[in-house]
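Look at the two complexes coming up: subunit A is in both, with subunit B in one and subunit C in the other.
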Partner chain A sequence: MAISKGYTGKILKVDLTTGTFDEISTEKYQSWGGGHGIGSAIFFDLCTDKTIKGTDPGNVVTLMTSPLSGTLAPSVAGRTEVQGIGIQAYPIGWFTRSNFGGRFSTQLKFAGWDGIVLTGKSPKQVWLNIINGDVKLQDAKDLWGLNTRETQEEIWARVEPSKKDSGWANMGTSRDAGRTTQHPAVLTSGPNAEKYGPMAALVHDAGNGAGQGGFGGVFASKNLKAISVVGTGGVSIADPDALMKARLWANDYSFAGHHDKPAEYVGLVAFASTPGRPLSTIQDNPEGTKSRPQGCVGCIRNCRGRTDTGQGNESQCVDFFWYDHHDVIANGHVTDASPRAADAIQLAGVNAFAVEAATLWIEQLYNKGIMGKGKEIDSNLPFDKFGSGEWAEAFINSIVTQTDIGKELCKGVAQAAEKWGRLAMDTTSGILPLQEWGLPHHYDARTEVEWGYGSLMGERDINEHDFNWSVYWTPTINGLFGLEPPVSAKRLSEIFAGKTAPYNDPMMINYSDEGIYSEAMAKTVAWHRHYTRFFKQSMLFCDWAWADFVNPYGPDMEGMTSIGENKFMNAVTGDDMTFEEGMEVGRRIWNIDRAVWALQGRHRDIEVFSEYSYKVGAQPGTTTYEAPYTMPVFEDNEWSFKSVAGRILDRQKVEDWKSLFFKLEGWDIKSGWPTRATLEELDLANVADELEKAGKLGASA
Partner chain B sequence: MSETLLATLDTKMAEKILRRVEATEALEAGILTPMAGTRPVRLFSLEQAERFLVLHDGKQVALGGAWATVNYVDPIHLATWVGEVLGDAELSAALDTIASTRKAYGYLVPELKELIASRIDQAKQALGITEAAAE
Partner chain C sequence: MADLKNTATEVTPVVDSKTMSRRQFMTGVGGVGIGAIVGGLLGGALLLPDKVLAIQASGGYLLVDTKKCAGCTSCMMACSLTHHGETNMSLSRIQITQDPWGKFPDDITISQCRQCPYPSCVEACPTGAMHIDAKTGVRTVDEAKCVGCERCVNACPFTPSRALWNFEEKHAQKCDLCEGAKFWDEVGGPDGKRACEEVCPMGAIKFTKELPVQSADGYETDLRVGTVWKSLGFEGAPESGGHLG
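Let's look at the complex of A and B:
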């Protein structure tokens, strides 16, 4: 069978140890879809010892596109999936993933590659230069200490010397080698990132980052500074007319299709959000700063902005949020401290989520007299200027240079807490907001359990807002202002039930005190893991636009999810995949990931949240303080919205829920390991064999 | 200047309620921001608390998309903090009365803010602080 359209057909394999290149046929892995699925399958095949640390040369790192990359499919085309054994999580650096937007995946496809696989470790510092089919490892000694912006500018200058005069760059010496106006898409770590590896991100252009997992540090451990790619080709589409029609069909679900009369829906939505409003950039720059929208290739949202000051360019979300509230409290309003803080993490290539959690904790330690000059944890950071740009830059610099408290924080937040003898104490009291696997608390496992359970059953903060907009933000924001949400709790349960095949259970969004431990919630978490593993992390639909459950422009408020995803995929590939088939591929991917974690040491006994989740509600005085958390509940045979803030988890009931979840997934209830029956059902007998050999195969039910 | 029915303050009490409290006594609040969740913040004075109580229009906030923010401080917690930390039992009771109406937060904010603003004015008057002097 020939490979489907949308794929280039080959994956670049780079052996950094020998400096040689090879091609992997994409067709061999096409059943995994793309992105994460192909990445996991290749990792499983090539990483012979999966128990190694992420900095071991044996670690296999994949950067994968999808068949939709570089196409007109909306809010899909620009993302790249990164995988390998990570170095951020605690106590085990799980096989993990991150993901970033921008132009990289498109340029990689245009260059003729579906992905890149990195093996081994280079004997010297190098960067990878991909110009169409021409691939070279080049000396990076003089790039190694540069920040992310300097590195990219230097590589641009080296790759496209002909561009300076004409605006076009010739990508080769022959007449038909191709020309482009595009800068190469460069993905890089910060300066000397091996020294703060667990905190180190990969950065592309000004604000696209793959933060989770510490992949900046993993790159550096392989003596790889950056990857540059530029292509002059295109993507072959099976049915361009169907793709165009799909895009126009989707337009009816977007703001653009109704810009003359936008919906008055009061709530937060995904695909239907107002595009081109980089408010994160605007609200986190000093008043009066002008900004214009900026987005990834093919996106309808354009969620970032470029400013007239050049500060905070293309940063958004936690890039600013790690520090803007400290700026506001210290100075009464947003000052240039917020964009300076955003620029500090972008230039250094430091994980914003990790420094956000660290900053909340450090502030508490300073206020309690534990950290500071001459204190138990000695620090000369200018705490009297906390909230200023000076403090933010000094803090990030301490990590990058491994000085002051950065000497320990460069090894990771949980690792620093352990070194200072505070990990157990501060994750019990809740002043250190690390929720699971030593990773920052994002949305609350005690209230929005699908987020917490998903992160715990997986290996990282899921950072997937599929349920979040509808089950938390919309009812909560409306509730704070005495407004009835536009979609009732009962109707919401119907919408979700209709779009969550194969389970289709209305009780899946019951966040009552009983509902969070129910079999229906096990279905929610299973569905979410399977959906995101395939559609969002393999096909690379962006989290800011998909899933599209509630949409004010859809019939009866229903969004495109369960119809839209496959419409785009099939138009590009020429296949005839159903939504249910996509979900099944997602289940297969989830199982191979679970198998790798089992090999790494995963067992249900260690799948527990930090102690504060069981002991402390999200009350004032904790760094996990939550305002009212209004969610749909089914109580006394009725659906309603209710604040569940302040709830703590019952340890035994969480354990019972885990058993329900493992049973639903077809895994061994005692260990949480996949069973042979389940793996063989998914055509993963080879995975079962490897688990059995390692003594990690789950007992049959 | 806002009007208040609260009793006038002597200079000692005025200084007390306008003071910056120790870090360990700060008022915990949060900024709700879609994408990030609630980000806890600490407020160190009554004036800072008053500034934090931003008057949001509910619909505008909700329509703001994924970037809307709400400054949130639990009204009961605020009343308790004013009484127990700042030592202003009268203002604390008045705030508690407003909070106890259990109106939606968005409707409580203007009332809480106005009352606190008037108390700050009162305290400044007692201390002879004028706007011009403050500048």
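Let's look at the complex of A and C:
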């Protein structure tokens, strides 16, 4: 069977040790869809010892596109999935993933590649130069200490030939070699990233970052500084007219189709959000700043911006949020400290979530007299200027240069806490917001449990907002203003039930004290794991536009999810995949990931939240979001919205919930490991064999 | 102005193109829908008295507002998709170029064909492949007649050239206002739909049948006036920071 349309048909395999290249047939892995699915399958095949550390040359890193990359599928085309053994989680660096937007995946597809697989370690510092089918490893000694912007601009200068008078750059020696007006897409780590590896991100253009996992440090450990790609080919589409019509159909669900009268919706939505301000923002850029909305390739909502100062260009969400509330508290309003802080992490290639958690903790330590000049944890950072751009830049610089408190924080936040003898103490009191696997607390496992459970059953902060916009933010914002949310709790349960095949259980969004431990919540977490593994991380639908559950432009407020995803996929590939079939591929991907974690040492006994989750409710100023957490609950036979703020988790009930979840997934309840029956049902007998050989195969029920 | 090259040719505009409006244009040549040029031999032209060669005006023009553009390049993919059945930025007849670290509004340039009143690309073509469609006035290419000399590419006074070399199919091509968008089941051209305009999520591309006022920097276009743009925060204090997620 020939490979479907949308794929280029080949994946670039780079052996950094020998400096040689090979091609992997995409067709061999097409059943995994793309992105994460193909990345996991290739990792499983090529990484022979999955218990190694992320910095080991045996680590296999994949950067994958999807058949939708470089197409008109809305808010999909620009994302790239990164995988490999990470170095951020503590104490075990799980096989993990990150994901970034921009132009990289598009240029990679246009160059003729569905993905890149990195193996081995280069004997010298190099960067990878891809111009269509021409691939080279080039010396990076003089790039190694450059920041992310300097690196990219230097590589542009080296890759781009002098443009002809026509303004088109010819990417070869013959006139038919292919021409482009576009800059190469470059993905790079910051300066000397091996020295702050667990904190190091990969950055592309001004504001696209793959932060989680420490992949900037993993790249550096392989002596790889950057990857540049430029392509002049195209992506062949099975049904161009259907794709164009689908895109215009999607306009009706977005601002794009309603310029004259955008929806008046109090709350937060995904696909239907207005451009350049993805949420109902609580803070602006510095007064007087002008800007445009800006988006990744093919985006329909264009959630970022570029400003007339150039500060904060393309940054988004936590890129600002790690510091802007400190800015506002110190200065009374947003100043240039916020975009300066965003630029500091982008240029250094530092993980925004990690420094967000670290900053909240550091502030507490300083206020308690534990950190500061001459204190128990000595620091000369200018704490008297906390909230200024100067402090933010000094802090990031301390990590990049391994000076001051950066001497320890460069090894990771949990690692620094351990070194300072505070990890257990501060994750019990809750002033150090690391909720699972030593990774930063994002949305609260105590209240929005699908987020916490998903992160705990997986390997990282899930950072997937599929439920979040509708079950947390919208009712919470309306609650703050004394308003009724635009969609009632009962109607919300109906919308979610209708779009969450194969479970379709209205109780899946019951966040009551009983509901969070229920079988229905196990279905929620399983559905979420399977949906995101396939549709968002393999087909690469962007988290900031999809899933589209609630949409003020849709009929009866219903979004496109469960219909829209496959409409685009099938127009591009020419296949006839159903939503349910996609969910099943997601389950398969989730199982192979779970198998890798089992090989790395995962067992249900260590799947526990940090102690503060069981001991104290959220405390203002210590964790990321302390809004009231108003959520849908089903109590006394009735749906309503209710504040669940201050809730703590019951340790035994969490354990009981895990058993429900493992049973639903077909895993061994005692260990949490996948069973042979489940793996073989998913055509993963080879995975079962490897688990059995390692003594990590779950016992049959 | 940054991208206008030396335009010295035999073409002698009857009015200053930097300030020419459609009204002035019509007045200058004394005929509806007819441009004028001295010398040269252009397809779609009429020979008027006194050896004045009149050139048919395009049936319409793409207007772009760079301040509204979000740089998503959806227009580029829609263009190549509808014309070639593939998404391919190198084959797109509209080009978006940008600097990620640039300062608004100079960080983005939209390069669309202006359907020039005096089309240098048409004039430069030795075979008549690049021609003016007699029915619609659109400047377009008869691919069968193209011999691949690329004179049209080099003659375009703008950078990047709006006439481009299709290195896959070996012929020149340019914006035809979607008259030749054979992979899209819609009527294109001045009286139909244009893919780039339809797909732009920001409303930064519009079509007009009126010859736009243009300067050397481009059309003097503001597609934000009369829209909700200002209320979204993109004039004054934009709201592109401080988001929760």
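In this text, the second predicted complex is superposed on the first by the 680 of 701 C-alpha atoms of A that agree within 3 Å, B and C clash if a C-alpha of one lies under 4 Å from a C-alpha of the other, contacts with A are read in each partner's own complex, and residues count from 1 in each chain.
The definition used in the following text is that a residue touches a chain if its C-beta (ideal position, glycine included) is under 8 Å from a C-beta of that chain, and two chains touch if they have at least 3 such contacts.
As the structure is a computational prediction, the values presented were derived from the model and not from experiment.
*Asks:* For subunit A, which side has the bigger count of touched residues, subunit B or subunit C?
*Replies:* C
*Asks:* Considering only the touch criterion stated at the top, classify A:Gly310 as touching first (subunit B), second (subunit C), both, or neither.
*Replies:* second
*Asks:* Give one of first, second, both or neither to describe whether A:Arg247 is in contact with subunit B, with subunit C, with both, or with none.
*Replies:* second
*Asks:* Applying the touch criterion given at the start, work out whether A:Thr274 contacts subunit B, subunit C, both or neither, answering first, second, both or neither.
*Replies:* both
*Asks:* Is A:Phe481 touching the first partner subunit B, the second partner subunit C, both, or neither of them?
*Replies:* Once the two structures are laid over each other on A, A:Phe481 reaches subunit B alone.
*Asks:* Could you look at A:Gly214 and tell me whether it touches subunit B, subunit C, both or neither (first, second, both, neither)?
*Replies:* neither
*Asks:* Kindly classify A:Ile237 by the partners it touches after superposition: subunit B alone (first), subunit C alone (second), both, or neither?
*Replies:* A:Ile237 sits against subunit C, while subunit B stays out of touch.
*Asks:* A:Trp544 in the overlay: touching subunit B, subunit C, both, or neither? Say first, second, both or neither.
*Replies:* Both partners.
*Asks:* Just subunit B (first), just subunit C (second), both, or neither: which does A:Gly406 touch?
*Replies:* Neither: A:Gly406 stays clear of subunit B and subunit C.
*Asks:* Output check: A:Gly430 vs subunit B and subunit C. Expected answer is one of first, second, both, neither. What do you get?
*Replies:* A:Gly430 contacts neither subunit B nor subunit C.
*Asks:* Does any part of subunit A touch subunit B in one structure and subunit C in the other, and if so which residues?
*Replies:* 274, 277, 279, 283, 303, 317-318, 321, 465, 473, 544, 625
*Asks:* For a test of understanding, state which residues of subunit A touch subunit B in their complex under the given definition.
*Replies:* 264-269, 273-274, 277, 279-280, 283, 303, 317-318, 321, 325-326, 328-329, 332, 360, 363, 366-368, 442-444, 465, 469, 473-474, 476-483, 544, 618, 620-628
*Asks:* With touch defined as at the start, can you tell me which subunit A residues reach subunit C in the complex?
*Replies:* Answer in residue numbers: 70-72, 74, 77, 106, 110, 149, 163, 165-168, 175-182, 205-207, 232-237, 240-241, 243-245, 247-248, 251, 254-256, 259-262, 274-279, 281-310, 312-318, 320-321, 324, 334, 338-339, 342, 465, 473, 544, 625.
*Asks:* In the complex of these two chains, what residues of subunit B are touching subunit A?
*Replies:* 23-24, 26-43, 48, 51-52, 56, 58-59, 61-70, 72, 74, 77, 103-107
*Asks:* Which residues of subunit C touch subunit A in their complex?
*Replies:* For this pair, the touching residues of subunit C are 3, 5, 67-74, 77-78, 80-82, 84-91, 95, 97, 100-105, 107-108, 111, 150, 153-154, 156, 158-161, 164-165, 167, 170, 183-185, 195, 198-203, 227-228, 232-245.
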